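To start, the structure under review is shown below, and the notes come after it.
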Amino acid sequence: MPVKSYREAITETLRQEMRRDKRVILMGEDIVGGMGGSSGVFEAAGGTFGVTAGLAAEFGRNRVIDTSITESAIVGAAGGAALTGLRPVAELMFIDFIGVCLDQILNQQAKFRYMFGGRCTVPVTIRTLMGAGYGAGPQHSASLHGMLASIAGIKVVTPSNAYDAKGLLATAIRDDDPVIFCEHKFLYGESCEVPDGEYLIPFGEANVTREGNQVTIVAFSRMVLLANKVADKLAKEGISVEVIDPRTASPLDKDSILESVEKTGRLVVIDEGGPYCGMASEIASLAACEAFESLKAPVQKITPPHTPVPASAELEQEWIPSLAKIERAVRATLSANL
Amino acid sequence: MPVKSYREAITETLRQEMRRDKRVILMGEDIVGGMGGSSGVFEAAGGTFGVTAGLAAEFGRNRVIDTSITESAIVGAAGGAALTGLRPVAELMFIDFIGVCLDQILNQQAKFRYMFGGRCTVPVTIRTLMGAGYGAGPQHSASLHGMLASIAGIKVVTPSNAYDAKGLLATAIRDDDPVIFCEHKFLYGESCEVPDGEYLIPFGEANVTREGNQVTIVAFSRMVLLANKVADKLAKEGISVEVIDPRTASPLDKDSILESVEKTGRLVVIDEGGPYCGMASEIASLAACEAFESLKAPVQKITPPHTPVPASAELEQEWIPSLAKIERAVRATLSANL
Amino acid sequence: MAYDPLVLLDAYRRMRAIREFEERMRREVQAGTVPGFVHLYCGQEAVAVGMCMHLRDSDYIGSTHRGHGHCIAKGCDIGEMLLEIYCKQGGLCNGKGGSMHIADLRKGMLGANAIVGASPPIAVGAALSQKTLGTDGVAVSFIGDGASNQGTVAEALNMAAVLKLPMIFMYENNGYAEFTGAGYHLGGGQIAKRASGFGMPAEAVDGVDFFAVYDACARAVDRARRGEGPSAIEAIAMRWYGHFEGDMQLYRDPKEVDRLRANSDPLKKFEERATAEFGLQADELREIDEEITELIDDKVAIAIAAPKPPREALYTDVYGSY
Amino acid sequence: MAYDPLVLLDAYRRMRAIREFEERMRREVQAGTVPGFVHLYCGQEAVAVGMCMHLRDSDYIGSTHRGHGHCIAKGCDIGEMLLEIYCKQGGLCNGKGGSMHIADLRKGMLGANAIVGASPPIAVGAALSQKTLGTDGVAVSFIGDGASNQGTVAEALNMAAVLKLPMIFMYENNGYAEFTGAGYHLGGGQIAKRASGFGMPAEAVDGVDFFAVYDACARAVDRARRGEGPSAIEAIAMRWYGHFEGDMQLYRDPKEVDRLRANSDPLKKFEERATAEFGLQADELREIDEEITELIDDKVAIAIAAPKPPREALYTDVYGSY
């Protein structure tokens, strides 16, 4: 099977979905680039991270639309277009920018179907970028998927590898509800086998990336890679760790998590979102409410501290959950003897 | 001691703090009202819910400032003014409107101190209004204190009675960090004894509103009233319920909650915020991570469903946590036998 | 401009329906039968109707918290509107939206909106659909004077201009945003001038004068249908009643309101000119009046008696699939 | 207008410092010594300096992601700036802000800002402080052409106009927002015209011409200090380099850049006129050049060698108290 990067998988999916359905359009800042420039180059950018490269050439500027720096209008218009016959895929360049356009999600797209009594569909996808580690500082490094998942009426997708990115993005675009598709900066270069053909991965179905029976790790997005590494390392010592990648922060595949915790009795949650009112807390809460009887040890949450992301690369590395911290947490939960 | 309503207590605190410190100013939409009107009435509103009534007459329109409908500018300017010598108290008419101005909190005020290396203070208070039950529909009824609490760098206050409202608001205004002060619509008319003089209630110190040793209830804002009622009712049956009102969603008085759970071994969390990635999950998560050894039963979360607030009054009542549901949860946790 | 008498009769019917609807809502609010908050449109009838006379069901409008007039002008069913305002089953939103979120996509009505300034970007999205799907349809955004200050409006203007969308920004300057006059809250004082700064034709018209609104809208809608891009219209027409029904209006000189009723009644103005210049007969108008009164009587009674949404409705329609 | 030679020398020193600083940053980025993203200000020196020459430490400026020029023009210490850009201890933000969040409240510099459009409301707040505290101080917001489309900017304009704040909106139209030309992204094409729609004087000036900028700023700052309210200036000056250092600039004709360097060098233009008309001597300028080169050499070396922030710094200064 061909090996593709996360970035390539996303680009390919956008292309396939646009070929498949004329109603799919893309919009965002510099997703093509070069409008109004002096060089006349048709595609001067293809997205800040190159994800939309080549699409304007195939589908034209009427379906791959460069916008001004107006995120409320971008996200809002995508919602309005979704109500009226298109299936827009809007790009919010960084998830940090959610603060300038949140209302169009929180009070508009997320609520249209409910407050209009079910008499509409809202097939909008917002592609956005999360994650620290680039030295981009406090305003370009956040992971806010937990904040978004708290909103009823939207779905939040956090693919951790190229294969999932393709199947989940196709599902997002074909879904009739608003979807926030959170790409991770650090995963763009990660590759795996990805079929050329179309396929869908349903929302709310976790992926068990490592099977095990002593400890359950639930991890999101890039953190799945770290969790896998720790699981592999510990496997060599005979410690059997199950790693669950929920793939969608909302809807959440509670059953897979609960089943695993019932089996292992020990839970470690790893998330690059904050430690407070985020996905890590949500998963810990799920265990406390619905798997309490199986738990043999306190839940361990590994997240960044409750601070902004510092600009200094050294501090930033300290901020991001590390292999060492995860390993320590797994060992700690195993040694907890109640 | 004089009895005052929650509304009166807040108005009185604003007055006292403005007398005490000239740098305290108020700004918001129609917090005075009547500018540009044909009647010439000096104060045509005093706030949509009358909380700022009478203040412009005493302090003048230069310190009680009516603004246009521009929440990003209101909240943003309050942040800028806080950096440069004022102690602004901005009003965000409904917490639902956070989506149109979140960036000024999320990436600006919350991060100023950190990203400027500690070389500033940000003494801004945002007063806002939460809560369902008014038939105001999906866009004016939310309780988003959990979403805000997820943001590092701000403090989130959720007073449940007039006495606390006064002491916490004074603390908020004198605090050098950004504070979101969440008033609840349904509490404005609730009264209790409130001293005339100034006093401060520190952030991060919970109030134990009922002492008990069989079950711990943690409740926020209006839900504290319901929790107290249930506790009182069950007390007559000999069931001993402890009710903890954290008073501030951030910082959270973990110690009081953990101590209580250590004592009772049973935890019910009640919040009008959502069931997903909100305060209820956070408290449940806290118990799972830090009080696991004491827990004798699954944590019970009582929140609204993961839906918007419907306009229909009957559906809305069904949406809000009820006495009956709380009572049921308390009984359920007591009967859980592991 | 020449006016087809059938068009004028239709316009009258819609304006009268709005007036009657809102006056009735006012009495019902006072009688305590209506849940939630209700913002009345009286005094502004010519704006919604002057615009919507040019629109088809397949054209879109984005509305405001003061949306009843827009709904009626755009052809929403009055019975279903009332069911919704009473939060009943079978209402336009099955009782989950209420007055401030009433919507009807079949009629191209994208929703009232209780977030001031949220609607223009959504309407721009509808215009984008029209353009992308290659229709000659248009989208219209109704925007209050207070709303015109919201940043989202500027962004919507810019996007419509840059993408040359078939879009009309229909400003309704009714003199007040809640309890604050436009003379205070509106930097520069002229909304039309602001819109023209974004590179589109923009004009101010007397919003009490149906004919003036109708003509300006004809130009703007035609331009949009021809693919020549967006325009803006500022229609100036004071609201007759409070911000919401129940507002004591301390900010307003009661004489201002008396003067409005006496001199600025869009229906009266319309009737005078339509009968004097365009051959409409007073008694055909009275007939319409009666029909409408009867219709609204009926539909209010039905709405009040209608069943509430079932309990389970609380949980439905959050998602299409989850 | 007459110009004090001392003022002109000072202006030259600041412009030269910006140029030298940015050219050096460019080389350092290419050499790989600089962390994070760096947006250079070359070509726009006359804008920051033409404005800041009128400002005191107690006046405030709100900056952008392209903030080095604003910092230097406003008097920030170059050594501490470099420490910050290198994310070192003792930097203006103790290494936690970096190039895109550099701030110095002692100098009235309210921070670079990596959220496009977030800064204007903050600067309006500083103007509100000046007015409320009764100073004759002002606040200035630097705003890119791309940023000018953000809704927050419209809101800031309106608030400054309504509250009659001592505020200047200093638009920097450098022709591009990232990889998109202003000819595309800017509905209406003229930022100044937009600002005037909010009821304030607004003019466009040649941002390469220090004297033109300086004169326009004098009028705007004086007006603000006199309590007459806000104004806007659109200074047009193309950026010489890419959006960030490393940008391949596919959207730009290389000849455009050559022409800029040849014909639109703010420093060259300044020197020509200042020596020809106002008596500055070329050799005193060369002396300044040397001093600055030496200073920046020193400070870059110090910054590169300086210690990183300690681990514990990760957890400090989130709150004053928690």
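Just so it is clear, A, B, C and D label the chains in written order, and each chain counts residues from 1 on its own.
Assume a contact is a pair of C-beta atoms (placed from the backbone, for glycine too) under 8 Å apart; a residue touches a chain by one contact, two chains touch by 3 or more.
Owing to the predicted nature of the structure, the values given are computational and were not obtained by experimental measurement.
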### Task
In contact with chain A and with chain D at once: which chains are those? Just list them.
B, C
### Summary
chain B to chain D, mean C-alpha position gap in Å, rounds to 40
### Query
Taking each chain's centre as its mean C-alpha position, how far apart are chain A and chain B in Å?
31
### Query
Which whole number of Å gives the spacing of the CA centres of chain B and chain C?
36
### Message
For chain B, give me the residues that contact two or more of the other chains.
### Response
67-68, 70, 72-73, 96-97, 99-100, 103-104, 107, 114-115, 137-139, 152-153, 305-308, 310-311
#### Entry: Where chain C touches two or more other chains, by residue
93, 95-97, 101, 113-115, 118, 149-152, 155, 158-159, 162, 184-187, 318
### Query
If each chain is a dot and touching chains are joined, what shape do you get: line, ring, star, complete or other?
complete
### Query
Once bound in the complex, which stretches of chain C touch chain D?
149-155, 157-162, 184-190, 193-200
### chain C partner contacts - residues on chain B that touch it in the complex
29-30, 33-41, 44-45, 48, 66-70, 72-73, 96-97, 99-100, 134-140, 305-308, 310-315, 318-319
### Task
Would you mind writing out the residues of chain B in touch with chain D in their complex?
23, 25, 62-63, 65, 67-68, 70, 72-86, 88, 103-104, 107-108, 112-121, 152-153, 155, 175-177, 203-204, 251
### Summary
Per the touch rule above, chain C residues touching chain B in the complex are 35-37, 87-88, 93, 95-98, 100-101, 113-118, 146-147, 149-152, 176-187, 249-254, 256, 308-309, 311, 313-315, 318
#### Entry: Residues of chain B defined as touching chain A within the complex
72, 96-100, 102-107, 110-111, 114-115, 137-139, 146-147, 149-153, 250, 274, 276-282, 284-285, 287-290, 292-293, 295, 297-301, 305-308, 310-311, 338
